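The following pair of complexes shares a single chain, chain A, combined with chain B in the former and chain C in the latter.
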Partner chain A sequence: MTSDNHPVAPALSRWNIRRESIVGWLFILPALLMYAFFVLVPFLFTILYSFFRWNGVGPMTWVGVKNYISVLQVPNLVGTIFNAFWLVVWFSFIPVGLGLIVASVIYRVATGRFGAVARTVLFLPQVIALVAAGIIWGWLLALPGLINQMLSAIGLDALTRAWLGDFNWALPSVGMVGIWVLLGFCIVLLQTGMGKIDPSFYESARLDGASWFQEFLAITVPLLRHEIGVCLTVTVIAALAAFDIIWVTTAGGPGNATSVPGIQIYILAFTQRSIGLASALAVMLMALVVIVILPIQWLTRESAQ
Partner chain B sequence: MKVAQSELWIGRALLLTLMAFTILPFISIFMTALHPSGTVPSGLDWPPDPQWINFVTAFKMAEMPKLLASSIFIVLSVVPATLVISTMAGFAIGLLRIPGSRVLLFLFVFGLTLPFQGIIIPIYFLERAIGIYNTRFAIALPLIALYMPFAVFWMRAHFVNMPSELSEAARVDGATSWDLFWQIQVPLARAPIASLGILTSIWTWNQFLLCLVLVENPTQRTMAGGLGAFQGHYANNVPLLCAGTILILVPTLIVFILFQRQIITALLQGAFKG
Partner chain C sequence: MNKKVALYWLISLLILASMLLSACGGTPATTVAPVAPVTEAPATEAPQEAALPNCGTDPILMNVVFETGWDMPTQLTEEFTKQFPNVTWNISMEQFANLITTTPMLLSSDNPPDLIRLPTMVSFAQDGLLKSLDEYAQAFGWNDWPVPQLNQNRLDENWVRGSGTLYAMGLNYSMTGVFYNKKLAAQIGMTEPPKTVAEFEALLAAAKAAGLQPIMEWGSAKSGMGLAFPLQNLMAAYGPVEPINDWIFQKVGATIDTPSNLIAAQHLQDWIEKGYFPPDINAIEYTDAANRFGNGEGVFTFNGDWQNGGYDAAMSGNVGFFLFPPAEAGGGYAAMSAPLTYGIAAKAKHADCAAFFFNWAATNETARQINVDGMGSNPGGPVGASVPTVAAGSVTIDTLAAGPLLSGAMDFIANATSSIFAQGWTPELQKMVGGQQDAAGLLKAVQAEYLRELSQ
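Here is the complex of A and B:
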């Protein structure tokens, strides 16, 4: 049914179209006003603040791009950006890579009741507050905690340490929390995607004598491109914009070993009262997320869309 | 498709290992929570004399009843408002012919990747200026706004796939856009609205950064915000901290176990849309 040759046609008269657009704008207005007031305007103000030196109460002094230069030059600040990229390895590459391998090994096993229970269990860390995940792991990684207890049990006493207080190990330890939170999510998402792949692809690969690894590279990875993109997007944002987990486990320490932009923005703005500098870092964080996410979206988009 | 025996066992073993990796941390804090308050036990050690009283102590110290009431108040201020205004906007962008709707959609999509830290500083000054700083609305109002990109995008994706015949038939019967929305489209959109409700409830319950910056009194925050404050006070009393953490996890766990299928589906779909 098209509206061209149907009695609906009068409904499309110019007056009605105009009325529909007015009504439409009224429907959008509440959402748009809230969004504009608490997101778009603050976004513009972050950019504005980033060009000033300001302690939050006194007068604001225009400093041009000086705050941005500071962010790029001061080791403590530019270091947060390096740390954020390091965190991507732990929060993103490992959960997605490991998730792919695990999903392809278990997807024929995880069926029926066992599969349902496994799904629920693996998904659990995704539902609880990141603060809780941080506190739990803060204890596991402590000197008397479970990780060291297990290392001692298998005779690796030499490796035990206060993981979160160690300059070299603090970042990987925080990354471990990210793996715990995100791995299950990636596995379940990728496994759901594998369920949609036509089994005959695998049947014929087997007949041709393909190994598990060849199957993995030739069928699983290319056909899951879109799902991989989704996992990467979610986990990369979790890494670059990390805050909760790090705040409750290390608060950026020891030194600046685990300091990421989110933590440093908070410290600069709300304890050191350097609003301009914090804002410049915030602008760079927002730009960074977009710069990293866009190519992922572009490369993994489904051709159908 | 036939699966080789060996493959089956490798798969099962791998899956069980991963489940253990997920569950063990919970078991560890549970056992730790039962040790005498103030002691430093080891990671996985059932105490000879389980101190169930720790849960009562943590319940009192974390002011759980107040914290629960505060969280529920915030969720009830955020979620229904989010659902109503985003469904209206999604309907208008997806189904009505509006000049500029592409620009609008782009404006909302722009917010999808925006980290909260990016705009938290101006929100802080804005809230001080309009006098809602340090109230529960300091958390609730920006949250509604911060959910808009995702929520509008999510609802639009539903409405854009609704057949246009439905709207046209209703128009012929003389229905206004308002009738069309409430009487025909909203009842048909119950499933995506319910998923959106689940997602925004979980995100609100677990929200931490906004609580930390915008509300000083822990009992005016959400559960996650309250837990952060509790950690600040009892960082050195590991059994009590573990007991408090478990108490704060219990409501989430109960809801997750009751609605696991809906929650998993909603979170997976949410990831695809986001």
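Here is the complex of A and C:
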């Protein structure tokens, strides 16, 4: 019996595994189809188009890697990439840093209704249409706008300016809009992570006489590394691949002071109608994002393990 | 394990391959042959007794795309239906900026528009998406209309604008120049429009000295840089218009970096440095500038007659218009004057009716009146066409009166290539405002961008 059963059991086991895997594939098939249709197919077509000269309607002409060489001649391309990295400070470092502090304070101090209200208010920019937000921020930051009126009211007339039209201040101003949009997202994500931290860690620390700041550094931050990694990943991508916030506030101006690769891709594709060039720049931008994101992912996974 | 992995990959590849194949089937055609002018009447129309193309007597639903923000074309369609009740209209409205991206898709769709506002023309004609209007021009006698009306919409065999096949028509013809606030102008001693650039600059200096905003203009990248208007006016004052049009029409060897254009750019730089424009110009959008001028901020503003209605509403009886003066007294007047361009899709179902509409809009007395009432621009048409009446006190009286004074008409330097405005003029002029660019550098940078775009 034993000798007869041996060859049968592995065969059954293999069949079970295969059946389970097929069932598993069937479960994810709808999502996979959607993902393939809306992400993978456009992605592959973008790569394909990057090797053609094409205006979106007429005949396509194979040009090999010429688009990748030509796109380097796009005006101020290096400057736009520099702007994107500068935005990382505003879109990523500040929202994540500030988000950690605010989430920690809300978690520790304002656990009741006030905390919920604060969380909602801070998260609200995520649900406001960005175009509407861009118009409102445009008014606020205009020369006759509310921010300059407030500065004048407290005697700081010398500081008033057209914030979105000033070569030195346009990018930080757009960055402030980015903080306003992304801070709520970081707070909600980090606070969710805080809820998973065992309260006994904090109790032990308090028994040992640790201050709030020591608890924050020794317990909260290390145990939130995974959530911080997610926040960093999402916000760094938002900075490097930025388009919407810039487009609705400055459209890349003044000069090219707030221009980023995303704006250039849009202009190349939809104004200049050079789909091949735009695709080449999009592929290069994607490679840049991956190069920056991979170390963050690797570090946070290591930490999580 | 290897077999399992191989199975996963096989399934994934099969899914992807099927998606790719289906997606390939849905992509725009990669070869679109230019379509020859259609001569046969649409199937829905009965043979006409008259030789001229028309809308027939059977019910026709015209599929049209107009520009958001302007009611005049819609008012024309309403009047047209009153006169030709068998024609009704399916009107879609698009923002001008959206039209730049959506027009190729609309023109190449299975139900292309019979009539569409064209943001640009050359590339659509090249791709065979626009119907040639030559036969209609011949039939209706449009070729006998004053030449400047049609030549901006003609393309030669090398796809250079200015002559050749007609691919679009203007519903009207805009006029640009200098609008002024009459009360503020009187305050600085202006009794009549300046006759030279020097006289105009003296008025600017007087306005500045009086603590007024000399010129209100827009400059945000979101609207595109409005300083291109005074710059081009200065170019036409200090040099001939032909080289400027050659550059706009992309004639071989054309350049914007000429000695006379350098003088023009130096004058503009001088105006910027003297504070004749608002300090926040780089953040001012078009509508903000129009509103601020309407509210009395600015003695002058450079704009076109499409804004007549807005200015009349905001400052009724207090707004005037003059053509930008020449450099020397007695010199000719030049201005940017472009058609409000509409085209017919190559595959339009009711092309004859659309062409008939073009002819009707330019020749019918009521249509011409609606045109002028709605936008204030010249409705064009044949020599001797009816002259619409204009309400007393309207600035439209000034803009229409300016037409006969013109000795040179130009298209806009912002229209030379599809993205010269976004990638060239706007950022470089913004830099000039910010003190980061000078006159010579401006022209060199824009010419370099022009050549870069043409090479692609």
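The rule is short, and it goes like this: the second predicted complex is superposed on the first by the 224 of 305 C-alpha atoms of A that agree within 3 Å, B and C clash if a C-alpha of one lies under 4 Å from a C-alpha of the other, contacts with A are read in each partner's own complex, and residues count from 1 in each chain.
Definition applied: contacts are C-beta pairs under 8 Å (C-beta built on N, C-alpha and C of every residue); 3 or more make two chains touch, one makes a residue touch a chain.
These numbers come from a predicted model, not from an experiment.
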{"item": "Partner chain in contact with A:301 - chain B first, chain C second, else both or neither", "value": "neither"}
{"item": "In the superposition, chain B vs chain C on chain A residues touched", "value": "B"}
{"item": "Partner chain(s) touched by A:73 [first = chain B, second = chain C, both, neither]", "value": "second"}
{"item": "Which of chain B and chain C A:119 touches, first, second, both or neither", "value": "first"}
{"item": "Contacts of A:270 with chain B and chain C, given as first, second, both or neither", "value": "both"}
{"item": "Which of chain B and chain C A:57 touches, first, second, both or neither", "value": "second"}
{"item": "Which superposed partner A:162 touches (first chain B, second chain C, both, neither)", "value": "second"}
{"item": "First (chain B), second (chain C), both or neither touched by A:32", "value": "both"}
{"item": "Touched partner set for A:253, first chain B, second chain C, both or neither", "value": "second"}
{"item": "Intersection of chain A interface sets (partners chain B, chain C)", "value": "17, 21, 25, 32, 37, 40-41, 45, 56, 142, 270"}
{"item": "Footprint of chain B on chain A - complex, ascending", "value": "1, 3, 6-8, 11, 17, 20-21, 23-25, 27-28, 30-32, 34-35, 37-43, 45-46, 49, 56, 102, 105-106, 108-110, 114, 118-132, 135-137, 139-140, 142, 144-150, 180, 183-185, 187-189, 192, 199, 202-203, 230-231, 233-234, 237, 240-241, 243-244, 247-248, 261-262, 265-266, 269-270, 275, 278-279, 282-283, 285-286, 289-290, 293"}
{"item": "Residue ranges of chain B in contact with chain A within the complex", "value": "1, 3, 7-8, 10-12, 14-15, 18-19, 21-26, 28-29, 32, 40-44, 84-86, 88-89, 91-93, 96-99, 101, 104, 107-108, 111, 113-126, 141-142, 144-146, 148-149, 151-152, 165, 168, 171-172, 176-178, 181, 202, 205-206, 208-209, 212-213, 223-225, 227-228, 231, 238, 241-242, 245, 248-249, 252-253, 256-257, 260, 263-264, 267-268, 271-272, 274"}
{"item": "Complex contact set, residues of chain A against chain C", "value": "17-18, 21, 25, 32-33, 36-37, 40-41, 44-45, 53, 55-60, 70, 73, 75-76, 138, 141-143, 161-167, 250-256, 259, 267-268, 270-274, 277"}
{"item": "Complex contacts: residues of chain C adjacent to chain A", "value": "4, 7-8, 11, 15-16, 19-20, 23, 27-28, 30-32, 100-101, 104, 107-108, 123-124, 126-127, 129, 219-222, 278-285, 288, 417-419, 422-423, 426-428, 430-431, 433-434, 436-437, 449, 452-453, 456"}
